[in-house]
Amino acid sequence: MTERFVMLAPLALPLLILLPLAWAALAFVLGAGRGSRLAIAAAAVQLVLAFALAAAVMDGGPLHHAAGGWGAPLGIDLVADGLAAAMLLLTQAVALPLFIFARGYFHQDGAHPDAAGHHFWPLAGFLVAGMNALYLSEDIFNLYVTLELVGLAAVGLVASGGGAAQTAAALRYLFAALLGSGAYLLGVALLYGAFGSVSMVTLTPLIASASASAGAEAAEVALIAALLMVAGLLMKSALFPFHFWLPPAHGGAPAPVSALLSALVVKASIYLVLRLWLGPLAPLLTPLAWLPTLLGAAAILWGSWQAIHAERLKLLVAYSTVAQLGYLFLALPLVGVGSTGASASAIVTLQALAHGLAKAAMFAAAGIIIHATGRDRVDDVAGIAERLPLTLFTFALAGVSLMGLPPSGGFLAKWLLIDLAMARGHWPLAAVILAGGLLAAIYIFRVLRLAFLNLPEAMIEAEHHKARVVPRSAEWMAFALAAASVLLGLFGGLPLLQLVDGVGAGTP
Amino acid sequence: MKRLAVLTAAAAFAALLIGALLDLPAATLDLRPLLAEAMPVSGVAHPVTAVLLNTRGYDTLLEIAVLLVALLGVVVASARADVTGDPGRTLAPPVATSADPMVSALARLVTPLAVIFAIYVLWAGAHRPGGAFQAAAILAAALVLLHFARIVPACAAPSRGLRIAAVAGFAIFLAIAALPLAGGALLQYPPAAAGLLILAIESGLTVSLALVLAGLFLLLADDPGGRR
Amino acid sequence: MSSALLYAIAGVLLFAAGAAGVVMLDHLLRRVLAFNIMGSGACLVLVGLAQRSGIPDPVPQAMVLTGIVVAVAATGLALALIRRLHAQTGRVDGKGEEGRDKGETVAGLTLPVPQAVAGQGRDD
Amino acid sequence: MSAAFAFDLLLVTLLLLAALRALTTPRLGQSLLAFVVFGLLMALAWVRLDAPDIALAEAAVGAGLSGVLLFDAWRALCGEPADEAPTAERMR
Amino acid sequence: MTTNELLPLLVLLSSLLPGLVIFALPEAWHGLRTTLNLFGAVAKIVLVGLLLAGVQAGEVYGFRHVVAPGLELVFKADALGLLFITLSTVLWLFTTLYAIGYLEEAPHRSRFFGFFSLCVTATVGIAMAGNLFTFFVFYELLTLATFPLVAHRGTPDAKRGATVYLGYTLVGGAALLAGIVWLESLAHHTGFTHGGFVATLLPGNEGGLKAIFVLLIAGVGVKAAIVPLHGWLPKAMVAPAPVSALLHAVAVVKAGAFGIVRIVYEVFGVETAQALGLLTPLAVIAAITIVWGSLRALFQDELKKRLAYSTVSQVSYIVLGTALFGPIGTIGGLVHLVHQGVMKITLFFAAGNFAETLGIHKISEMDGVGRRMPLTTLAFSLAALGMMGAPLTAGAVSKAWLGDGAVAANMGWAVWVLTASSLLNAAYFLPILWRAWVRKAPTRWPEEHIVRRGFVETHWLLLIPPLFTAALTVLFGLLPADMASPLSWAQMIAGREYLLPQR
């Protein structure tokens, strides 16, 4: 059984792209509001494929798939290494429960044919396809196309919220995304002009030798290209100070969309930054590693600060994303292994997974709370422990992971990151991580402590009167995501770190 | 102040990059010979088409997906253009007023020509400049012209038939991309059938892309001369 | 200097102008124009640099074709959203979109609470 | 300087001018017009770069379809100032 | 998995699993919830009994779970850990019984007992932690599990108290985390070892190690309520009485004190800590805390507040014992870990009874309560006498060993501190006893909830726990040398630490 599983794995590379493309197209044909079951079934298959892929990569190292059979540099190669396999796993693992959640969430609006659920399914399908393609691609121009696919699908999903605020947020997001991908495209053009290839594998030695020979003009162009690409991607990643588009887009979209965007979409461009930074562009950018780290630290502090002061619940969660994304950039100068033997990229992956699961759960929980209360202010959470205990518990569990408290995945990542920072002597980084955790506690417990308040009886009555039914399946799916983010710390860390670092690598 | 800063930054960036480009040596790698070698088995004679639908056909597959996403986005945006109601605003009523007779005549004249030209461009793409996308663009232009001639109405949301037609090309492409997985790689055409398969993909894409491109316009369009 | 390099340089200038336009311009339609000019610039750089020797290179040409399609797609989406925004708010500029990190306003639009919820949660 | 290069230089200059005009001219209609001209000039540039495929696509899409889309949007946005006021009022 | 690995895991699960199930129980399923609670508590006692027997027979219990390369959750049931486990397990049973009675008919009982069980799980985890990583995991879990308990009443006051508690403990947790990771980056492991492992890092890291010590002690010191980190404790008094009992006697402050013991003995090692000059400052801080807490207690009219400040003072006896270089002080500190728990929980049970039965919250309302509630007041009085260190009580044993330890460690001033504290203890407890037994009862109690029926002055579930723990207070004082007494365990532990078994 297991062996056949692993034998199927090479096929998982193209299938993880083709399958969502196919069901997205089918959902489009099916029409408004339909396709939820299709999407859920397909997402389950994709999750199995992602597991098979991860198992195969863990056993036998990276898998390659040459699209069209040409191979780089003429063709486009798909490559699944540990990092890609981990991100694919995250994407499918978040997508499946979120789809079930979305089905419950949108279902109750069935009476409104033009509700937000209208075009959720095909757009979500293209979004997932785009992300899967992005994680697997090894070709920087192909990556541009996947970036656009992800970006436009995400914008469409934000706009599906329907209100004026959502439209404005979608536009703001669209222009930020287009500016980012434009810069990235120019970088690709320059690299192709300088080296004649868009394949990362081919480019890596060429860039290395160009930057090694002093005074080579190609290196100068390559550096500008690298900066353009990274700047463009940082714009899409909403790294401080490019985060301006994220809070309205993520805070305004319908809950399943916010969850998809915050948990997955921003990770895609960050993944690409890491992949390029630690891969082909490493010789050019390594001296600049402090810059995104500095911005990451600023993001943690600024995002947390804004979350502490946000008045709307979903905006609070969105700003928390701004802050949490900062952690992913802290590790760039920390190449190498810490006292535990986990590499920086493995730790970042762990953090990305923990945050992805937790943030999806938190947005879902926030969505349920808002759905039930009909209001979106943080203060309206008061007394929610009484009415939605499971959802509050979900929110709290997700918060545990975001604060980096044990035994969550966020905690494990934070621990390893601090360990790595200290092993490298980067004390300020460790301090920022600790401070970030405390600030996160402030904004999370801002919500939790209100939730435990007893409301006056009359008010409870009034609330119950207004309360809308949230499907249990939606509540449980949000809970499953939160529980996964916590259990990740206990049981997921070891396999994940081994997956990214390769089995046996980096023993202390 | 901000404007000045942005302009200065843009100018500095352009100067810096142009300076670097002036000294840029020739590219280290040249794909042209590689592509020339691959041409005989690519199934087409025109190199750009070979790249577009064979060696980098995967790019094109995703590109079509991007177009579909954009169409979806437009559908989303035009579905309920006004949250406060006013449904008549988006569901364009049947065209009452007649179009400019000149436009009408032009449209009637141009459309068949455009179809023929599009078929030519599509077919020619195998050998010389042209191909699915250009053909689709021509067809889309014809559709838009027909709209101006009040022959094709604007629509709020595509009907199922239209949706199927818009997706069909993509579906064919997807199927042909997936089939070789049984024995080889994604989009790895058997060399003997490559030409035929590419033509099949291109034919499907022409129709679908034309609809999608025209859809981008028609979903948004108001009737000429103003709303309602 | 070869012709192709000249076009590449023009591409850089177009890109810079377009990018500055996307950042600076207020009217959303103009931003769309700026984005298109920016994209055209990048495409010129791609082909221009690759063809400095004067021999056509089909690979970047095919990429530019892809890029143009993507640009059209983005333009269509942007225009649709702009028109929607206009229908909903009467606005066509990006003003009020900047520097909004405060709680209750989203993307520069202060909305009464029920409507904000109606928009995002499909609760009505 | 060969004649061809001179033509290229002219074309590039016109391209830049059209782009600048599209971005800076105060009247939106003129700006859109300049953009369509820009698209046609781009098509010409692609011909000069031995890329007839792109030229064809650019002419059909960049100048044609995008132009129509933009003009249509412009008319929808700016054509009816009477309709704008109440909408704007309502949202405030 | 062998039995020796399984047993500690079962000890953890015996409260974790019932806790998780209880969360999911509908509010009205009172019977099943109570059954689960009691089943868990009794099962845990049985399991701990097995552990105790095994450890005395020389068995080694423990298991580990790797969470990341080089990072393990390590559990071991050693003598020191078992001392704490036994204390919290036995007291948990009584607290559970008490809470069942106390919360009868109150809302949100599923939530309450769920977190209650998690709380004890975390405490047991702390006790069994085999390295600082594991210790930290459960230390933070304890914070998370106690927050909803403190906030349980849902009043604005409860919200405020819980927030203050959380603020203190999370900042402390961050300090602890920083210290642990710093230490790990130097030593590459954080496993507790007899005699400590830090000595191997000397010479060369003195400055760093001192800073680590400060971070670690500050981290656990928050929960141990060392001055000036004690601010949360009086504020957390808003919690229901069983929670206060849990915070003060079973779980939270004990976890802090226990952490200090672990850090001093098994991370740094007393020798190294002494060599680095860290013990004397610690002792001074403990002394300050003892006196300060007692002084503040003197001026509180609210009974629970006075008890809270008394806790601040008493827990630092443990810290003081730890900081007194030498086996005798160690024994004094360890034995007080148990004795203080037993005595303080009695006081809180009794205070809860006064409040629950008669609505008495203030000391000034306690006139004549001894005649209305003689049994509760008797338990209260015994525990209070113990706190003062009156002869034949558990407190006397602790104080005697601590005093001797101070003399043996050439820290004579500590004896004065102890004496002064005892006097202050008397000063704030004796007036209460005077009021309760001697003064005349008022005609009306503030809010009489439970009517007296014969001997049963209040709900029987509220009465049994304090009586039992009061009995233990006396028993430990009367039979200090018995095999099963905390003192002989403390001697055994100190013996392992110093290889000096006898006084």
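Think of it as A, B, C, D and E in the order they're written, each chain with its own count starting at 1.
Quick note on the criterion: a residue touches a chain if its C-beta (ideal position, glycine included) is under 8 Å from a C-beta of that chain, and two chains touch if they have at least 3 such contacts.
Note that this is a predicted model, so its numbers are computed, not measured.
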**Report entry** Mutual neighbours - chains that touch chain C and chain D alike
**Finding:** B
Query raised in the report: Just how many steps, at minimum, does a route from chain B to chain E need if it may pass only between touching chains?
Result: 2
Query raised in the report: Higher C-beta contact count, A-E or B-D?
Result: A-E
Report task. Give the identifier of the chain nearest to the protein's overall CA centre, each chain being represented by its own CA mean. Result -> A
Query raised in the report: What's the chain with its C-alpha centre farthest out from chain C?
Result: E
Requested in this report: Averaging each chain's C-alpha atoms to get its centre, pick out the one most distant from chain A.
Outcome: E
Query raised in the report: Which integer distance in Å separates the CA centroid of chain A from that of chain C?
Result: 24
Report task. Let me have the rounded angstrom distance from the C-alpha centre of chain B over to the C-alpha centre of chain C, please. Result -> 18
Query - Centre distance in Å when chain D and chain E are each reduced to the mean of their C-alpha atoms - result: 76
Query raised in the report: For chain A and chain D, what's the span in angstrom between their mean Cα positions?
Result: 37
Report summary line: Where chain B touches two or more other chains simultaneously, the residues are 17, 21, 24, 27, 31, 35, 48, 55-56, 59, 63, 66, 69-70, 73, 76-77, 83-84, 133, 213, 216-217, 220
Requested in this report: Provide the list of chain C residues touching at least two other chains, using ranges where the numbers run on.
Outcome: 8-9, 13, 15, 17-19, 23, 43, 48-50, 52, 59, 61-63, 65-66, 69-70, 72-74, 76-77, 79, 81-84, 87-89, 91, 109, 111, 115, 118-119
Query raised in the report: Can you list the chain D residues in contact with two or more other chains?
Result: 51, 53, 57, 61, 65, 69, 73, 76, 91
Report summary line: Pairwise touch list, complete, is A-B, A-C, A-E, B-C, B-D, C-D
Report summary line: Given the complex, residues on chain A that touch chain B span 11, 14-15, 18, 21-22, 24-25, 28-29, 31-32, 65-70, 73-76, 78, 114, 118-119, 122-123, 126, 129-130, 133, 141-142, 145-146, 148-149, 152-153, 155-156, 159-160, 162-164, 167, 190, 192-197, 202, 206, 210, 216-218, 220-221, 224
Query raised in the report: For chain B, which residues are in contact with chain C within the complex?
Result: 2-3, 6-7, 9-11, 13-14, 17-18, 21-22, 24, 26-27, 31-32, 35, 47-48, 50-52, 55-56, 59-60, 63, 66-67, 69-71, 73-74, 76-78, 81-84, 89, 133, 213, 216-217, 219-220
**Report entry** List of chain B residues in touch with chain D within their complex
**Finding:** 48, 84, 121, 128-131, 133-134, 137-138, 140-141, 144, 213, 216-217, 220-222, 226-227
Report summary line: Contacts from chain B onto chain A in the complex sit at residues 16-17, 20-21, 23-25, 27-31, 34-35, 38, 54-59, 61-63, 65-66, 68-70, 72-73, 75-77, 79-80, 83, 157, 160, 163-164, 167, 170-171, 174, 177-178, 180-181, 184-189
Query raised in the report: In their complex, what parts of chain C are in touch with chain B?
Result: 1, 5, 8-9, 12-13, 15-17, 19-20, 23-24, 49-50, 52-53, 55, 57-59, 61-63, 65-66, 69-70, 72-74, 76-77, 79-81, 83-84, 87-88, 115, 118-119
